[in-house]
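Scrolling down, you'll hit the structures one after another.
Both complexes shown next keep chain A, but they swap its partner, so chain B is in the first and chain C is in the second.
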Partner chain A sequence: MTLQELITKLNLTVITAPRDFKTIAPQGGYASDLLSCVIAGAQPGNVWVTLQAHMNVVAVAALRDVSAVILTENAQPEISVIEKANEQNVILLGTSVPSYQIVGKLWELGIR
Partner chain B sequence: MLVANGSKLPDSKIRTMPTYRAELHVHTVLSPCAGVEMIPPVIVQKALAMGINLIAITDHNVTANVGAVMDAAKGTGLTVLPGMELQTREEVHVLCLFDGLEQAEAWQRRVDACFGELQNDVEIFGEQFIVDATGDLIRREPRLLITNVNMSLEEAVDGVSVLGGIVIPAHVERRAYGLLAMLGFAPPIFEALEISSHVTAKDVCQRFPNIRDFPLLQSGDVHYPDGFIGVMEFEMAAPTISEIRKAIHAEGDRKMRIISSN
Partner chain C sequence: MSDSLQELYGRTGRTITDRDAQDITRVEELSYDLKTSDVMSRDVQCLAPMDTMRAVFDLLRRDHISGAPVMQNDTLVGVISQEDLMRAMADGDQNAPIQKYMTEKVITVKSYEPVVKALEIFARTKIGRLPVVDENEKLVGMITKGDITRGVLVAIRKDYQEEEIRRYRASHLFEDIISDRTSLILRYKIKPRDFTNGGQASSHIKRALLRLGASPQLARQCGIAVYEAEMNLIIHSNNGGVLRVQVEPRRILMQTSDDGPGIPDVKQALQPGWSTASELARSMGFGAGMGLVNIQRCVNKMDIESAPGRGTKLFMEIHLRSDEKFKAPPESPEGPGV
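Let's turn to the complex of A and B:
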């Protein structure tokens, strides 16, 4: 499953700069809004699902080298956060759907 | 009776408490998110230039630069309270303020025991400089400071209170690390709450009606030299935690107010 397929199937908004999402294959996922848990628990290549959208989300995503961050429940990052994410090659995707449902759909799509 | 300048007043005169203009949430170069300009002499200079005579130094999870700022402020008329902006297990930021370095250092030892294993990644989070009173580098703090320590809000309040300090949740309305965003309510263990510089007390109370009973403080959460706002005015006998506490609760002629809002 490539990131492009995920974006299409989950109807995700691409918040950061467009990339060739077909070349990125997320490996498993992690869901938490507590950054310290993400630092400790997320693995490189994971999709990270959260409703936090502040600057340190980008820092933690870069630190853990996750393949993408899915911001749920319409969490809207500020422009400065999006700029930082582009700088750090962090992919931010958005959805109005709550984390619980997004995680369920990811699981169904085989991101485990 | 003594007043601010130390002169005696006849008892018949009405007593007035000295007024303190305060900024109780100031970061130094030790906080990775703060500007490298935030060295002790600059902090002291900027505070004084704003007419501020009481500040608290509150770096993330550490107190190591407090002494340097206190030294830099000696003889300037600026009072520096030792403090820390603690990030609790709930991922909530709270200010822990103390009267003296000794209490702050005792608190640091408690917090140190609750630190995780994570090390700072300078590229991602920024530098964490421990400096002397002139701002010269002494060493770098290797631990990641922008993260939780394994301590609950209740443990923080208990521990700080035992040492004579006070805990004030920081920027409570903010989505990132704010008490109301993280918990959804303000537990009654707190005596007062801090709001951010870019909001007004009225707006925050409208958004979060359940905090109406809490006294509110406002601060600049100063990360850069131009971040001082100095909107807190205290009328109290001395710049101490027990007097601040009385001012918060408007006890014995002490008062606290937000004089304007940016």
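Let's turn to the complex of A and C:
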């Protein structure tokens, strides 16, 4: 499953600069809003599901080398956060759906 | 022609909005940075107005080009192209002088203008090659789409090589400098409650270690330890503090120090889930009480010196495995981290 397919199937908004999402294949996922838990639990290549949308999300995503961050419940990052994410090659995707449902859908799509 | 260049052609002619600006690629940036004189061909074969169309045929065939400037006494008087030649051939007019078939109204670009200017002309007209003139309208070269593509590729390769060289130089630091104990010390000042810049020092450290040739896993391990330590200064310290990283060939020492408030009970602070973070910090997803626990998982040694009112010193040390040393990182993607 490529990131491009995920974006289409889950109807996600691409918040950061467009990239060649077809070449990125997320491996598994992690869901939490507690940054230290993400640091400890997320693996490189994971999709990270959270409703936090501030600057430190970018730092943690870059630190952990996650393949993409899905911001749920319409969490809106500030422009400076988006800029930072672009600079650090962190992909931010958005959705209005709550984390619980997004995780369920990711699981159904085989991101386990 | 590359997709990016194609995209650029389509994009010229309208104002670039902030949104576009975010998407500007290095190729587009280069088309503004590079001057036409940087990419043009300088070795230009010229013809004279009274040369025959036969001479045009010979020149185009010999040099595999699609057109040439026509000069009279150092002045550009026209251009002659493949299409002009075909018209002459169709008329059976091979011995006619060039001036009968050449285009006299010549569009030129200036040698000091950016490459994007030439791209605009290519996109607007059907012209495939342009004479390049200096500030005195004197011909100095010719430019084609091919020249631009080549120039951009060369510039991109240069960017890439420069990064490679930077990496190479940095990764040989410890081999090239001989001493009984070589270390590189990085220092960062961390401001209290500066959540916006949180994680910046650790991301700089991670990048520095990768440049020095650390494995991605080692860089990640240090990044995590330093991130948690950095956030502790931001969340808890009265006046911020200093983060110091000492890189040595066989180990990395990391240390933070601040001047308060100090930890009353260090043992308690080390318990998973224990946190004294403020409501603000908690609302941002900090204060899980896992910071120090995470650090412990990433480092070989950790020590805390602290007392209320005297501030806190946190020492962390990572040893490189005996088979591991600073070397250029592998190209292949690596397995799971810590």
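As a working rule, the second predicted complex is superposed on the first by the 112 of 112 C-alpha atoms of A that agree within 3 Å, B and C clash if a C-alpha of one lies under 4 Å from a C-alpha of the other, contacts with A are read in each partner's own complex, and residues count from 1 in each chain.
Following the convention adopted for this analysis, a contact is a pair of C-beta atoms (placed from the backbone, for glycine too) under 8 Å apart; a residue touches a chain by one contact, two chains touch by 3 or more.
Not measured: the values here are computed from a predicted model.
Q: Please determine whether it is chain B or chain C that touches the greater number of chain A residues.
A: Result: the larger residue contact count on chain A belongs to C.
Q: Contacts for A:Leu35 in the overlay, against chain B (first) and chain C (second): which applies, first, second, both or neither?
A: Both chain B and chain C are touched by A:Leu35.
Q: Quick one: classify A:Asn74 as touching chain B (first), chain C (second), both or neither.
A: neither
Q: I'd like to know which partner A:Thr8 touches here: chain B for first, chain C for second, both or neither.
A: Neither chain B nor chain C is touched by A:Thr8.
Q: I'd like to know which partner A:Asn89 touches here: chain B for first, chain C for second, both or neither.
A: A:Asn89 sits against neither chain B nor chain C.
Q: Check whether A:Gln43 is in contact with chain B, with chain C, with both or with neither, and answer first, second, both or neither.
A: second
Q: Now for A:Gln52: first (chain B), second (chain C), both, or neither, which partner does it touch?
A: both
Q: Determine, under the contact definition given at the top, whether A:Ala17 touches first (chain B), second (chain C), both, or neither.
A: second
Q: Once the shared chain is lined up, is A:Gln101 touching chain B (first), chain C (second), both, or neither of them?
A: In the superposed model, A:Gln101 contacts neither chain B nor chain C.
Q: Where on chain A do chain B and chain C both make contact?
A: 34-36, 39-40, 52, 54-56, 59, 62-63, 88
Q: Using the touch rule from the top, collect the residues of chain C that touch chain A in their complex.
A: Residue positions touching the partner: 22-23, 195-200, 202-203, 206, 216, 220, 223-224, 227-228, 231, 284-286, 288-291, 293-294, 297, 333-334, 336-337.
Q: What residues on chain A touch chain B, complex-wise?
A: Per the stated touch rule, the residues are 34-36, 39-40, 52-56, 59, 62-63, 88.
Q: Residue numbers of chain A touching chain C in their complex, please.
A: 17-18, 33-37, 39-40, 43-45, 50, 52, 54-60, 62-65, 80, 82-83, 86, 88
Q: Across the complex, what residues on chain B touch chain A?
A: Against chain A, the touching part of chain B is residues 91, 116, 118, 121, 124-125, 144, 146-148, 175-176.
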